[in-house]
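See the structures that follow.
Note that chain A is present in both complexes that follow, paired respectively with chain B and with chain C.
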Partner chain A sequence: MSIVTVQLGQCGNQIGHEVFNAICSDVHGTHGLCSKKENESYHEASKERFFSEEKSGVPVARAVLVDMEPKVISQTLSIAARSGCWKYDDRSHFCQKQGSGNNWANGYSVHGPKHKDRIMNLVRKEAEKCDRLSGFFTIMSMAGGTGSGLGAFVTQCLKDAFPASFILNHVIWPYGTGEVIVQNYNSVLTLSHLYRSSDALLVHENDVIHKICAQLMNIKQISFRDVNQVIAHQLGSVFQPIYTGAGPLHYSRSPLGDLMETLVPHPEFKMLGLRNIPQMPENSLAYSTFSWPGLIKHLRQMLIANATMEEGIDWQVRPPRPGSSIPSKHSTSKSLHFNTSIANLVLLRGKDMHSADLGSFQDPALYTSWLNPQDAFNLWKTPRAFNKYEKSAALVSNSQFLLKPLDNLVGKAWNMFASKAYIHQYTKFGIEEEDFLDSFTALEQVISSYTTL
Partner chain B sequence: MLLPQTHGHSTSPFEPACLTPGPPCARLSAHPASTAHPPPPTDGIFHSRLGGGERPRAKPADGTFHRGGEGGRAARGRRAVGRARPPQRPSPPRGRGFRAPSSNEEQPLSPPSLCVAAMTQSVLVQVGQCGNQVGCRFWDLALREHAAVNKKGIYDEALSSFFRNVDTRSGEDGRDISKGKICSLKARALLIDMEEGVVNEILQGPLRDVFDSRQLITDVSGSGNNWAVGHKLYGCQYQENIVEKLRKTAEHCDCLQCFFIIHSMGGGTGSGLGTFVLNLLEDEFPEVYRFVTSVYPSGEDDVITSPYNSVLAMKELNEHADCVLPIENESLFDIVNKIHQMVNSGKLGSIVKQNSLVTSSAGSTKTVQEKPFDAMNNIIANLLLNLTSSARFEGSLNMDLNEISMNLVPFPRLHYLVSSLTPLYTLTDVNVPSRRLDQMFSDAFSRDHQLIQADPKHSLYLACALLVRGNVQVSDLRRNIERLKPSLHFVSWNQEGWKTGLCSVPPVGHSHSLLALANNTCVKPTFMELKERFMKLYKKKAHLHHYLHIDGMEQSCFSEAISSLSDLIEEYNELDATKAFQPLQLSRMTCRVPTSCHSKMRLGQLPPKLSV
Partner chain C sequence: ARPAPDTLRRARFDRPQASSHCWRLLCSLLKQVHGGKWTEPDAIDIQIRFVKSVLWYHGYGRPELYRLPSDGSAGSRELLLAFSWLLHRISLLEQLLARNRVRTGDETSVCTCEDDLTNSQKGRTEIAPEYSLEDKVDVRYLQWLHGRLRFQWRSLHALHQEQSKLLHKIHLFTSGSHMDKILGHFSVTETELIRQPENYKQLLQFLESETMQLEAFLEWKQLEQVYWHWMVKTREEELQKEEFCAAARKTQEAVELKLLDLTYHCAPKKPKMHGSCRLVFRSKHSASKTGFGRSVSKEPISTVSATEVIRELQMRKASLERELKQLQEECRQRMDEIAEGLDGVICISP
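The block that comes next holds the complex of A and B.
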């Protein structure tokens, strides 16, 4: 089945481009490390998911590019065309002359309604090219105006126009130290609106990826391109074809549908985080060997200690002992840092993945009490190695991963809101204080739901 | 035709200096001596106009005339599109400020390789002597910058933001050519002065061809350093003329985003008529941003009435500008001196590239001697170039002009942005070690790099933007923000009040540069001083009669102006108070807190008073 990607705003377009690059280079890399037959069916499934075939033979990304300013899209299109490996459809993009100016209200209330028809037409055309459509994958930042505001609007339109399809929103969380001054307002508005219409939100924090670039990838001067390549790699490790639990010989039928089914058991909880292991510079790969037990042990500790990468994991964090829901004296603060999950999905790719034992992820202590651990944990795997990593594991988790950043963000936005700063910029475009309050309320609800897991 | 062989014979003043086509001299760092005189043109593409006697172009590049020719010109009225309207408007308004979608817009972009995506345009309105002299430097340096980036001589999107490309075959007012070779570049500008001197000089100087007579409004008698004469008398007299020329300029724009007014505050024309134009812009083009670059008089200004003029103008800026970039001549003067000292101190002099100086005109179109103000005015010109760079050139984190007020103006009237430019000079070594890069960030916050006499480090930041050009990545930004943050005070509700932009094209002669824009209470002393000087005169009613005898000028104009300024100062005071006294900050916030706020939300984060 196919996924139609909608890239919105500067961030969405720059990341989307890297995602297709990563998928393409994974498919064409010679490192399948599996049987020829295996590799071929992997190819085929990946192609169907992300590309349509053109007469010229160059795969065409199933993507719609949207921005309110022209520079990013025109650059993205031409870089993709130059790669020769894949390209975007010449007609599958929409841009205007000036951006939304970091104003969520401008994107949502002005550009959205104004350009709805033309954007949705492009989406529809892309959807019609798919024999079987699994759903939509939108990529955007929360901090700007176009990706966030228009993105939230388009997500709503997608839900209305394609009620049977899934929508997964990939969202970039801005740097905590600030890069757009109204980023917390824009984020609060985005998250609260997406929460209404999206099936799930898959979140990447720029701070986290930046740290990965510095510490794991050893990059000295980190550019957005570097950051985006790590994000693209992580996304690829989730979205490339893989066998779901259903049977060893079936690729996930509906990649998005299966993801929602395993990870979003309740509409109140739809914030997904992504972790992967290993992650390292390409030229170090050749000198490294990994064992499944080692990878899985790390990945599990990353989950329960809420570590964002394999370095600097707090190994002291332990699941609370069964029956002791009240923290006892010596479980102290450590167990408070314990990250409780609703549902987890682990994806293993590469050599001997059948030998891997995931028992440690099935521990009921990891999960909230209202879900059966058998339902809360899923394992997908394939012998096909991903992107030159002989063995690799990814974890998609619906857990308290994002609780702290979310609480921070809402707190900062509220603090600004209390002083009424910048509100006039929003009311100018029809977003009133009441709308802010609704959004705050919605997110407070999400925070409290995740807190009380 | 732009045939290479014509260059030697051309009489165009652009030919000898020819806007540094070929390698811009900045790159010839091995030969610092050659920088004063650009190399002869190798490919004469950057004329602002065809040389005299040359034949016009044989044919337009594949028939791609600018649609301004048909849709644009035909669609009468204002075509400006700036900020869109709030959604509650029933149907998209067609008349005011909005452009009916032309057929062209319905088309998707052409295939990637040919992709020419339309951008926005800006118009410069230069008023008075100061405005025109600064504007002149701007156009000179803008041409130089585009010449350095645009080697092929194709009229591209970046150029189109400040320049029209005009087919001059059919006389002066040719049609716009939207694609293809550069034919004749015309500045998107309106030159206004109530004296003839400066504008005439421009028209006789090397830049004469980027302007034509329909872009000028002049008178002969000047405003006599009297705001009322400029604002009331000339305003009234020239209103129609100004509006008509503004509309004409706007019609040539495909999507007009921003007006930049350049003027001084102390005199009569720039201050009076300049702010009159500001009001006109608001009425005529409500959707288009209004950025004002205002040169404030220094303490020992020789214009006695400058405090009156400035305060009267301030009221208009308070009410009608989106953003004001205040500039003080004293600061410019200090910066120029500092640069000269550095260059002449010998040690640095030998390795500093002449035309990488912020004040330098080397390598530009100008061939006549520099006037004393030129070095200072170049700094302002560079400020505007850097401010607009991200709107013109690509980058990994674009910062469009509409993002500036969105991010930096938390309350409508607090729209004064203190700016600083770094580096003021660049050493020839282009492999910048990160320490020197970090120095650029540190300097941007130091007192002696600010374009007004102010010290942002010891005042309160409401917001701060860093617009970076060149080879600088997001990690450099993050590192420096984290490094500098502890030494800066940000207002309590905007502790992470940073806005960042990364533009990949550096200024000519630099490998990187930084423009910092601070919404900071450090502007307050400038305003207080102005108020003081105003009151000194006003108490004695000195010179008042010169103003009051002008039609439409009442005593109340003065009292309203001074109370507008006092209110502004008071707003800064209130903010400053939150810095000194944490508890006070809370009580200030209580008065601003939304009344309808759901009481049980976020009680922990609210000031204590609210939770009861």
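The block that comes next holds the complex of A and C.
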């Protein structure tokens, strides 16, 4: 029932902090729009999931903070403690005195093994605090240097130490025009290693979230904090308590397990994308009304047309007609924009969610041929509204959402690799060309699997 | 509804009227043994299908039974035979008693048996249903289902761990409070009773019902000889009706089965722990270095410590892992051989 969050690197720690903030403010918010009893059981389930009790009465986040530098961690710890609403365990963090040069191989091959015992001890302590461990949720950037390398190593350690637990990696896809020259190498290495050890990769693209901030949230000067808050809101809408069974007997007691079972049982298909609707500035909420049919219609088209938010959706894209032949499955740059899904999970939160009709999501044309909608589509819901949105819907999708970005990424990395640019930075610390080739092969396999849906 | 004693007598003489009663009896007994609750009685053909499949599962090999009609109109003698077989073979009554036992809540099951099912089942279930080539299934769907099963197993594992943790808490917190000084702590049922004393009536009812069943069982044990004597007479009558060859054949089959059983049971093997136990908490003895949970079993294997079981299971796990590695290696070699035969193909193993 409890999730232990492992915040890795600067990115992971800042986002993790916002996630716990979002959860706390949702739980204590007065806009639950449901019965007192419902609200109380929601509160209890959420607390059990993310926080542990301490004598002081302030909930303590079930988290381990890892970074090579002390700055971000100490900031994160103090901001959380100042909130008065929740805090981190003071001992549940690991960092080094000095930074260690932005280098993936250094993080993976040197720092990882060196500090493995200390980090895993912290994780074990957190795990033991849980009466029941649902699994691990790691947050990290894909393209970073030491943090990403270390993160990939830590994920492997988690898998080795807790083989029966679920592991969900939350990864941040870097800006396309990122600053780090070798970010594509880092991304390829991170992704291929994570794919081996974790059960699912839930991806947030920086470019996408940036657009949401600019166009939907109307933020003029977008800071990292804004981006992180949007991400936190989206994650909260997935991980806050919700009913997964047919009848609302009790909130799901195995949030990660249920998620994995509905979306990623097939070992080749682990890439998950997340969409959330509606998204708007807080001060507009009071003046907006929402209808389930409208929200669902938009969400469905976002899925089909691979749109990243509810504005600018291409409404021309339609599912292929049954019986019409699908053009060549080999080219990924095909003109067919339709996004084929393997499995989809829709989460509805708010008033009158039982009246929502999700029939349009059960159209077999949306899904790959070898999985029927009964297996492929799942609906979870709760009448308890989330984070002040009277009605909100989230979609976690195992589909071709990330196919194009992944293909581009691997393509760029391969071009660099072909001329052996910057490879010495990696071989210096034990990541050989062979390892690169293995990673490329693994990702090509993933691309191929997703292409031939 | 309980069958009348006359039913058994009628079955002996293969009276058709007794057949449907016998089917119903077998159905209700087998459902209980397999953990189902007795709900609305199904239609007779569903009952018959259920009984046949359960008998097949337990290895009942008499073809005559499986040829009985699905309207329940005939075969009471066959059913009587099957009933006796169940009584003996799967210890039907003992299983029913075990099912209806009042629970302490601390139950756990121990099993360190080798997976010898293949040996004992040899020769019985060779006829596997053949899949028609039209029923093609995409292998990715099968992989999907397999993945789901694995995830569900993991969730179950987490549930199990949680239960153990909470059980430990109960045992720890109630240590020293029990009347029984040797045991020292409460069971889950006892703890529940403390917290909700008004439930004592229900518990009392369960205990009384269990006592009645045990007394009936003791009575049966004393009269058991009479029953078997009577059954043998039934068989003798039936055998006389058949031709000599058929009888000889049957006897030969029976002897073969018996021999198989004997060889299986006499095969030298380490004593394995198996069965349902009550999990009990013992504080660390100063002499022993290992952990604290010990089990008190109601089976003849007497008390066994959790650390012992863990050790045995770890050894078993190691040997299975070795076997898995070996099989994987064999597969890898075979794949490489195949890949060598194909042009322009490289085999990349996971």
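By definition in this document, the second predicted complex is superposed on the first by the 438 of 453 C-alpha atoms of A that agree within 3 Å, B and C clash if a C-alpha of one lies under 4 Å from a C-alpha of the other, contacts with A are read in each partner's own complex, and residues count from 1 in each chain.
Assume contacts are C-beta pairs under 8 Å (C-beta built on N, C-alpha and C of every residue); 3 or more make two chains touch, one makes a residue touch a chain.
As the structure is a computational prediction, the values presented were derived from the model and not from experiment.
*Asks:* With the two complexes overlaid on their shared chain, look at chain A and say whether chain B and chain C clash or fit.
*Replies:* Once chain A is superposed (C-alpha atoms), there is room for both chain B and chain C without a clash.
*Asks:* For A:Pro241, select first, second, both or neither according to whether it touches chain B, chain C, the two together, or no partner.
*Replies:* Neither partner.
*Asks:* Have a look at where A:Val180 lands relative to chain B and chain C in the superposition and call it first, second, both or neither.
*Replies:* first
*Asks:* Once chain A of both complexes is superposed, is A:Pro383 in touch with chain B (first), chain C (second), both, or neither?
*Replies:* The answer is neither, since A:Pro383 touches no partner chain.
*Asks:* Let me test your reading of the model: by the given contact rule, A:Gly107 touches which partner, first (chain B), second (chain C), both or neither?
*Replies:* Neither partner.
*Asks:* Quick one: is A:Pro265 in contact with chain B, with chain C, with both, or with neither? Answer first, second, both or neither.
*Replies:* Touch status of A:Pro265: second partner only.
*Asks:* So, does A:Phe166 touch the first partner chain B, the second partner chain C, both, or neither?
*Replies:* second
*Asks:* Who does A:Thr441 touch here: chain B (first), chain C (second), both, or neither?
*Replies:* both
*Asks:* Applying the touch criterion given at the start, work out whether A:Glu69 contacts chain B, chain C, both or neither, answering first, second, both or neither.
*Replies:* After superposing on A, A:Glu69 lies in contact with chain B but is clear of chain C.
*Asks:* In the overlaid three-chain picture, which partner chain does A:Trp370 touch, first (chain B) or second (chain C), both, or neither?
*Replies:* In the superposition, A:Trp370 contacts chain C only.
*Asks:* Of the two partners chain B and chain C, indicate the one touching more residues belonging to chain A.
*Replies:* Of chain B and chain C, the partner in contact with more residues of chain A is B.
*Asks:* In whole Å, how close do chain B and chain C get at the C-alpha level once superposed?
*Replies:* 10
*Asks:* Could you tell me which stretches of chain A are touched by chain B in one complex and by chain C in the other?
*Replies:* 441
*Asks:* Report the residues of chain C in contact with chain A in the complex, numbered from low to high.
*Replies:* By the definition above, chain C touches chain A via 138, 140-141, 143-148, 150-152, 154-155, 157-159, 161-162, 165-166, 348.
*Asks:* Could you please specify the touching residues of chain A with respect to chain C in the complex?
*Replies:* So the residues of chain A in touch with chain C come to 1, 131-134, 164-166, 199, 254, 257, 260-261, 264-268, 369-371, 375, 441.
*Asks:* Which part of chain B faces chain A closely enough to touch in the complex?
*Replies:* Residues of chain B touching chain A: 81, 83-88, 92, 108-109, 111-113, 115-120, 157, 254-255, 257, 394, 396-398, 400, 402-403, 405-412, 434, 462-463, 473-478, 481-482, 485, 492-500, 502, 588-589, 592-594, 596-598, 601-602, 605-607, 610.
*Asks:* Applying the document's contact rule, which stretches of chain A touch chain B when the two form their complex?
*Replies:* These residues of chain A touch chain B: 10, 14, 69-75, 77-78, 80-81, 87-88, 90-95, 97-103, 106, 109-111, 113-114, 145, 175-182, 210, 213-214, 219-225, 227, 410-412, 414-422, 424-425, 428-430, 433-434, 437, 440-441, 444.
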